[in-house]
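Two complexes come next, and they have one chain in common, subunit A, joined by subunit B in the first and subunit C in the second.
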Partner chain A sequence: MHKSFIFHNPSVLWFLLALALFTMAVTVLSEAFGVGLVSTSFVKTLGKTLCLCLIAIAMDVVWGYCGILSLGHFAFFGTGGYAIGMWLMYARTEGIVAASLEGQAIPPTPQEISDAIGTQIFGVVGSSEFPAIWAFADSLVLQLLMVVLVPGLLALVFGWLAFRSRVTGVYLSILTQAMTLALSLYLFQNDSGLRGNNGLSGLQNIPGFEDTSQATISMVFFLVSAIALAAGYVLFAWVMSGKMGSVVQGIRDNEARVRFLGYHVESYKLFVFTLTAVIAGIAGALYYPQAGIINPAEIAPIASIYLAVWVAIGGRGRLYGAVIGAAFVSLLSSWFTGGGAPAINLGFYTIQWTDWWLVLLGVSFVCVTLFFPKGIGGLFDYLVRKPS
Partner chain B sequence: MHAIREAVLLLSLLCLSVMPAYAQSDAPLQTILQTHADEVAKPGRRSVSVVLDDLDASGLPNVLPFLEAWQEKRIWQREADGVFFLAEEDDDDLNLRDIDTGAEDTALKDGFSQVKPNGGVRRVIATALVKFQLTDPDLDRRSTAVAAIARRPDANQLEPLLASVDREVDAALKARKVQLANFLSARFADSTEDRIAAIESLSSDTSIEARAVLNQILETTSGVAAERPDVNIARILTPGTDLSVADAYAQLVDAELAPAATPSTVIRAALEANITNGSVAGIPTAELDNDAARERAYAALATDGLVPPLVTSSEQSKAADAAVFYEAYKEKDAAITDVAARVLEEVEARVAFAQTVDLGLDALSLASIYFLAAIGLAITFGVMGVINMAHGEFIMMGAYTGYVIQLFVPDYTLSILIALPTAFAITFAAGVTMERLVIRHLYHRPLETLLATFGISIALQQLAKNIFGTQARPLTSPAWLDGAWVISDVIQISYIRIAIFVLALIFLVLILYVLKRTRLGLEVRAVTQNPGMAASMGINPDKINMLTFGLGSGIAGIAGVAIGLYAKVTSEMGADYIVQSFMTVVVGGVGNVWGTLAGASLIGFLQKGIEWFNPSNTLAAQTYMVLFIILFIQFRPKGIVALKGRAAAD
Partner chain C sequence: MSTLLEVSGVSVTFDGFRAINNLSIQIAEPELRAVIGPNGAGKTTFMDIVTGKTRPDEGQVVWGEKNISLLGMSESQIANAGIGRKFQKPTVFEDQSVRQNLAMALKNPRGPFSVLRHRKTADGAAKIEAIADEIGLTDHLTRSAGELSHGQKQWLEIGMLLAQDPRLLLVDEPAAGMTAQEREKTTDILKRAAETRAVVVVEHDMEFVRRLECKVTVLHEGSVLAEGSLDHVTKDQSVIDVYLGRSDA
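Then we have the complex of A and B:
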């Protein structure tokens, strides 16, 4: 079974090979494990980009394969990040508090320790009580479970409500957008229990590895992200290659016809929606320790729309297209907005790319939609077809 | 020169001092003042009232200017004979004026001393002045006096106020005086009957002032006692439900009815202070990491007399239960507070009703904004099945058009009149261009239209940022739109909101007319229902699509001008409205003006309603609203007004 799946999808092998080569190259060039040509901050950028690629293939499956234009997948990405962020922040603060209470004449009571941690974490929003959602924050295992469960359940409930009432097309897109908007607005409140617009911070410090250098930590995260991307890629390629994949693509092309053939369309859609949400949550859980901070602005509707932009530019309906789109656009974006691109002097006006990058992106996005609906990934078709 | 003047002065002084009879007949005010010379020169808060009573009794016309001058420290006393003058300082000289005759004179400052009443006295004088001012022939002065009383109500103003009511000729001021007299007698009248009558009369008054009067009568102080005290008790508080046990016990401690509590921090500090050889009262410090062990150690210390006794939480709640916590009215008479409480309840019921009306007006204006913002979107979505993500940017474009026109046309009324059609024209052109260049090619791919228009949206937004900068630009409304229509203290609505409501109404009628009564509308409706059939009847769907898109965008431009008038114009303003507009369209149903109206009303009223429940948190309001809409879609997936029959097919 497995063999035949790879045999039918040579692109999976090519992708894994490329990813492995890329990972090895970065490892060899890194500060931690190699010659030190690639800076730690760039390793972090690359690691984060790999996580974005992971959520991009999830988006590709839900949109490119199943035809659901979800404008809310960053909500799942964010909840995954918040779930792991709660443990990171709690465990780290616990360490700091324990160290500060060490020297006192009388050992602290458990209540005093928890009060001190609460004050440390929630002082910025004028509170010191632990909200109920932090009940499992002291356990890494449980919070890792949350990374999967929270986005999964959210997607399950939302998807069940939406699909059973046959909300489709643009309506569904708007509804998913409303969901992520509602979530981010909720998190923006100070009494949401997740520090309001301050978000969770200091996530780059991994509890238990205080003595390990950031260079090593970021390299480890980079490698884990690469493995996660590879695993996610193989998983999606496998799911989409079988009969299940055919039904899902059938739903994309003509939902009514698939339903008339006797398939329970809603279940398939719900499965795809939930699975991709879980993968998005995992991607988020890997992304935010590398970013160091998560706040509600990250899951504003615009983020999910950018996700759709990456997938569209990269090429829908092919997983490598999504990877290319996410990597290409996000790296290009940070190059342009980070001031990396040289300003162009037109004589009468100087084009500063920090100002004009979004205009360029918007226009090129329109052009891609109009003229290259297959995106960058579509170029590979020419490569493959040429010999024949 | 000086010598002569001094000689003249001396002479006149001599005249005055030797001829009191002259003063008595021709200078009645000076005479009264001279009888109280000490009190006038150095008035005390108590002694001054004697002078004021005499002045009042005299009924002289020049008492008022004297009191004013006295209050403003413009009275000087000649040291030689103690005569008082009205005087203005002029470097070293004084311009004197006789208090009775008004005869003017100049003298050196030396030899005179200024009468400087202190702050307390000046207030007493001011109160006395009120009486004169209340009956002053000048309307402005009377109004000022009434306003002064309203600002600082006082028991002894009641009498002069009541006295002045009958003689008042101005109807409005008379009504105000009666109202104010009511407020004053509710609080300060002598007899209980008068006060109760006054309080009763307040029941129909929903103004903030009337409520303040009632609240002042019902002012309470909280207290604690071992037994129920004999005061006018407002209510008895039960520890645990009305106030926390810890707070209750703290009150007991403050009232010295209980020994000080020993909270965990105190216990901890006491233990730390009593560590001997690594243990406290025989318990090793390492074992003191829980509250039970700490309390045991503290109790042991207490038996040794080293620390105050431990007050456990059960003892605290027992003590709190035994005591009586109460809120008592400052007003002693229970009859008055009973009536006031009942009247306040009635008034607040009226106020609540008025607030509901006010909230309804707010919601209505919000709904009209959403309607304006969403109707264009609804038309394009309904006719073409196209979601225009750049709709918000058309709103922004309209607002910036208004801003730019105001740069060139300084007259605000004129500039708004120019801006409305110009904004329509510009966004109409932009819409048609966009339709021709982009959307036309994507008709069979609606999801991709969504993305392409999103691309246009981010490009336009950034473009606006590059041109106009990130800071908000003002779009000033004409002066006749400033201010608000005040119906009562509670119900008021700003003119801009009324204008937006009227604009929305105009557009509702206009769009309904175009769609139902014109050839274009007929064709638009035909294309909405079945483009293929419409085409076979000789309608050019391409042209209709283009015009519809232009129309939708043009209305967005006008909405932009309207929104810009009361909100700031920024490059992100479109994004603020786009999601709400989508919600409006989705909730209302596609392709129907009434649906959009229903959607906008539902969302507007819902948002205001939720904000009313939780006024401090508008973010939560938006969250709940979005959740509601997600649930709403469950029950009416096609919106409130859904198309029926074949037209409803996707």
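Then we have the complex of A and C:
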């Protein structure tokens, strides 16, 4: 990495500083490492929000910088989550099964242990056999590899097929949406091998740390999420600085011109699409242990549409805009839908925010698109003098 | 002078309309050539075929000393083989600075991973300075391309072509929308470029073509109607009938 890169991009430095201050504040206020003013459940919410910020900057790179409106990036987030969830669930069940079989006179055979784990995990969908995709579930290292490989390969194959056929614009958006919908519908089936609509659960219990409190585990995940967001931010800012960023934004603004300059546009799109999918997978792998459960509804198309809304409201084409949008809208969303916002009594009608939040979000989205195309992040333009 | 590009017997049909009909053109290196013709004569389609945007139904497009066929190649491969193209409407990257526009066009490895590892070099900076000087945008290198005037955008796009260091430049209506003064400068840039390369200029404006002082190819209904000096072709009766007769009458 070029040493002057950070200094050419002061916004990266400011972002890292803000993130560091925020992380320290939460640590000091937490139950696990501090004075206990911030509850463990709120630490989990904040940790999950950081993961959403990470996928939001990935979305910003693919949409705001490269001009590909992907409405399927939550498919990569979800597959990353499933990949780590398989190990979490397998290893924890293995521990429980081993404990329950311990007192027996005849030690259980490996086959008996495997059957017992299978029954525990797949009993809910009427099966006890391990599907082939669980072949590496006993290995944390291999499943961590899957967190990167599965979303990466899915994006690579899908992107290769879509980009080489020169599918662009709204047609590409529809294709990405079809991809995530197809994956979601497939996973809803009981014989998909991933427990159908039950999904994977109990993911907040980390095998090997049974005696560690959830307060501590949540804080560790929060800190790791913050580090991942910082690393992802620096990575994307670096990739999008310099000539790569020039070409990628050129593709967004005039694909044909870039092509006639001699650049193989499809390779660049594939590079950006796959890289952001991998980061989305990592974000998902950090998110779901904090959420505790993953099921196919998580990767329904609506999730990816929300992602686009966050980035649009936060401000496309600037990474901090995506972070602001994702944090602001997702926290506001949980406040409104979680019953935090007071209902408004109009006399003849009472506005219940659990019902009306989506309307408010939709109206905000339309207003931002029409009147503030630069989003919330655009406000920073008024604070910072335009660099010459 | 050796033949750089040879288009022979090319035809292309769009929905039954024959845009190019058994067209044959040879371009030498170095050479400055003007291609004129009424609307719908197939001037832009000719460029589309050479640059790989449109595939002809029949015919050959052969390039360079090794006689490579361009027909199976993609747009980016053709660009890397040494053919640069300027569009009719100035197309520069408006959100980026003039320097970034030129840097993107500069002849360097084009793969994503080489671009990712790319570092600015003194050599590259010097080339950008030289091109900016050539197109008269030295004082505007840090400005964003969107702020430039129409004429300056046209020059920037020509500069991007020069930065690619192509052997053949295809320039579509470079003088459109320019003032008389700007036209003169554009003529100079193109003439200088043609000292070492092949330059093909598609143009409507006869005055502009006259100033280029070069061989002229007149297209009509997708094939070559006449070829030679401007004075020669303007005296050709068939040219007068289909083109000059209509516009100058």
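One rule holds in what follows: the second predicted complex is superposed on the first by the 383 of 388 C-alpha atoms of A that agree within 3 Å, B and C clash if a C-alpha of one lies under 4 Å from a C-alpha of the other, contacts with A are read in each partner's own complex, and residues count from 1 in each chain.
Basically, a contact is a pair of C-beta atoms (placed from the backbone, for glycine too) under 8 Å apart; a residue touches a chain by one contact, two chains touch by 3 or more.
From a predicted model like this one, the values you see are computed outputs, not experimental measurements.
Trainee: If you stack the two complexes on chain A, which partner ends up touching A:T119: first (subunit B), second (subunit C), both, or neither?
Mentor: After superposition on chain A, A:T119 lies in contact with neither partner.
Trainee: Thinking of the overlay built on chain A, is A:F271 touched by subunit B (first), by subunit C (second), by both, or by neither?
Mentor: Once the two structures are laid over each other on A, A:F271 reaches subunit C alone.
Trainee: Per the contact definition in the header, classify A:V363: touching subunit B only (first), subunit C only (second), both, or neither.
Mentor: first
Trainee: Go through the superposed model and pick first if A:M179 touches only subunit B, second if only subunit C, both, or neither.
Mentor: first
Trainee: Does the superposition put A:D253 against subunit B (first), subunit C (second), both, or neither?
Mentor: second
Trainee: If you stack the two complexes on chain A, which partner ends up touching A:M244: first (subunit B), second (subunit C), both, or neither?
Mentor: So A:M244 only meets subunit C here.
Trainee: Who touches more of subunit A, subunit B or subunit C?
Mentor: Looking at subunit A, the partner in contact with more of its residues is B.
Trainee: On the A-aligned overlay, A:Y263 touches which partner chain: subunit B = first, subunit C = second, or both, or neither?
Mentor: Only subunit C is touched by A:Y263; subunit B is not.
Trainee: Show me the residue ranges of subunit B that touch subunit A in the complex, using the header's touch definition.
Mentor: By the definition above, subunit B touches subunit A via 264, 268, 271-272, 275, 280, 285-286, 288-291, 294, 381, 385, 387, 438, 441-442, 445-448, 450-452, 454-463, 465-466, 575, 579, 582-583, 586, 617, 619-620, 622-623, 626-627, 629-631, 633-635, 637, 650.
Trainee: Of all residues in subunit C, which touch subunit A in the complex?
Mentor: Touching subunit A: residues 51, 53, 74-76, 79-80, 84-85, 87, 91-96, 100, 103-105, 110-112, 115-116, 118-120, 142, 160, 164 of subunit C.
Trainee: Using the touch definition from the top, list the residues of subunit A that touch subunit B in their complex.
Mentor: It comes out as residues 67, 69, 104-112, 158, 161-162, 164-171, 173-175, 177-179, 181-182, 185-186, 188-189, 301-302, 305, 308-309, 312, 355-359, 361-366, 369-370, 373.
Trainee: Subunit C touches which residues of subunit A in the complex?
Mentor: Answer in residue numbers: 2, 239, 242-244, 246-247, 249-250, 253-254, 256-265, 267-268, 271, 388.
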